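Each in structure tokens, the structures are laid out below.
Each of the next two complexes has chain A plus one more chain, namely chain B in the first and chain C in the second.
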Partner chain A sequence: MAERPEDLNLPNAVVTRIIKDAIPENVNISKEARLAISKAASVFVLYATSCSNNFAVKSKRKTINAQDVINAMEDMEFEQFMEPLKKCLEGTQN
Partner chain B sequence: MSDVETQSQELQSQESEKQAANDNEKLFRLPLSRIKSIMKSDPDVTLASQEAVITLAKATELFIHSLSKDAVISTLNSKRKTLQRKDLDSMLDTKDCYVFLEGTLDS
Partner chain C sequence: MAERDENKVQSVLPLSRIRTIMKSSPDTSSISNEALFLTGKATELFVQNLARVSMESSTDKVNVGYTDLANVVNSDENLQFLQDIIPKKIKAREYLESLKKSEEEEELST
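Presenting the complex of A and B:
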């Protein structure tokens, strides 16, 4: 059972790539900032999971589905994520 | 002195990673197994569909992207070329949607 937060961290390489895609090309990122963003992402997953689970429970389901995750975004004040996530979901369903 | 070596190594690996990223878009995706492990660590969670895990992975990518974009504004305002921890901290204090991160990033 992983008690240490590092075990739930996301791989550095992927996180770094996403960060670099978001910032101007001539800007670098410090190791501390990268680690903090990586940690924040793990916390985001935890928080989003909890919110998504609430939606599932409200609908009397034991399995979290994609719609629960999308609804959770609104609750978490990340409404701007809902549209791209819906589109992504529609893409995989077709 | 070893820090300088590590930094230059990191820069080199970052450049080759960029090339690899262009070659294969799939590398952009966070590993579903890791996302699933984090989800399972919540004792209240029973099951999550594969679609839910994929959607959450995508949401996390959007989150990292959004967080970086917001933080770099502070970097540019301070006329620096390196995104530092303090850029993150100042932005976390400002935006409401990041309030859930309060206290979690101090290790």
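Presenting the complex of A and C:
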């Protein structure tokens, strides 16, 4: 297997923590499932970036901004993320 | 309440890694800091959501495995983009049987 100079994987420990915080304490998720979720998360970033970039290009901008990311969520059928993301953004602006 | 606000403003996933992945996407020029932060947060939400829906669709409520994940990826519309990387597994025997079947069908039609 060739060595990739860029690691496109997210740290497993962090992904595991996010998963554990989302489910009840007595529930176990197999290592295989956790690794697959981690891969899925990387693919999600790529997909979100591509969608966000489309919005930036449509507005004739070269820089992807916060609104592009929020709009991308709607495009990707993750509308339920839009409000929490808007709240996060407001949190950083205070 | 204060703790929840902390969660909203801090990133759990390393933003340097998120940026690396984002930059590997073709035609991406620049990414604002806010866009980087929100993409990280969205990814957190996505991981939580994926774990939760896998658990909810599992018949074994205490143990969630790869099959549960592959099932939701196959059934939920907004997870279709994951079908190639989280495919359903089939046994080698089933695969060979379906191969044999399609070969036989081809022979019949020629």
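One rule holds in what follows: the second predicted complex is superposed on the first by the 88 of 94 C-alpha atoms of A that agree within 3 Å, B and C clash if a C-alpha of one lies under 4 Å from a C-alpha of the other, contacts with A are read in each partner's own complex, and residues count from 1 in each chain.
Quick note on the criterion: a residue touches a chain if its C-beta (ideal position, glycine included) is under 8 Å from a C-beta of that chain, and two chains touch if they have at least 3 such contacts.
Treat the numbers as computed from the prediction; the structure is a model and nothing was measured.
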Room on chain A for both chain B and chain C (clash or fit): clash
Is A:91 in contact with chain B, with chain C, with both, or with neither (first, second, both, neither)? second
Which superposed partner A:76 touches (first chain B, second chain C, both, neither): both
Once the shared chain is lined up, is A:53 touching chain B (first), chain C (second), both, or neither of them? both
On chain A, the footprints of chain B and chain C overlap at residues 8, 10-11, 14-15, 17-19, 21-23, 26-30, 32-33, 36-37, 39-50, 52-53, 62-66, 68-70, 73, 76-78, 80-81, 84-85, 88-89, 92
In the complex, chain B touches chain A at residues 14, 17-18, 21, 27-31, 34-35, 37-39, 41-42, 44-49, 51-52, 54-56, 58-69, 71-72, 75-76, 81-85, 87-88, 96-98, 100-101, 104-105, 107
The answer for chain C against chain A in the complex is residues 5, 8-9, 12-14, 17-18, 20-22, 24-25, 27-32, 34-35, 37-39, 41-52, 54-55, 61-66, 68-69, 73, 77-78, 81-82, 85-86
Which chain A residues qualify as touching chain C in the complex? 6-11, 14-15, 17-19, 21-23, 26-30, 32-33, 36-37, 39-50, 52-53, 57, 62-66, 68-70, 73, 76-78, 80-81, 84-85, 87-89, 91-92
Under the stated contact criterion, what part of chain A meets chain B in this complex? 2, 5, 8, 10-11, 13-24, 26-30, 32-33, 36-37, 39-50, 52-53, 62-66, 68-70, 73, 76-78, 80-81, 84-85, 88-89, 92
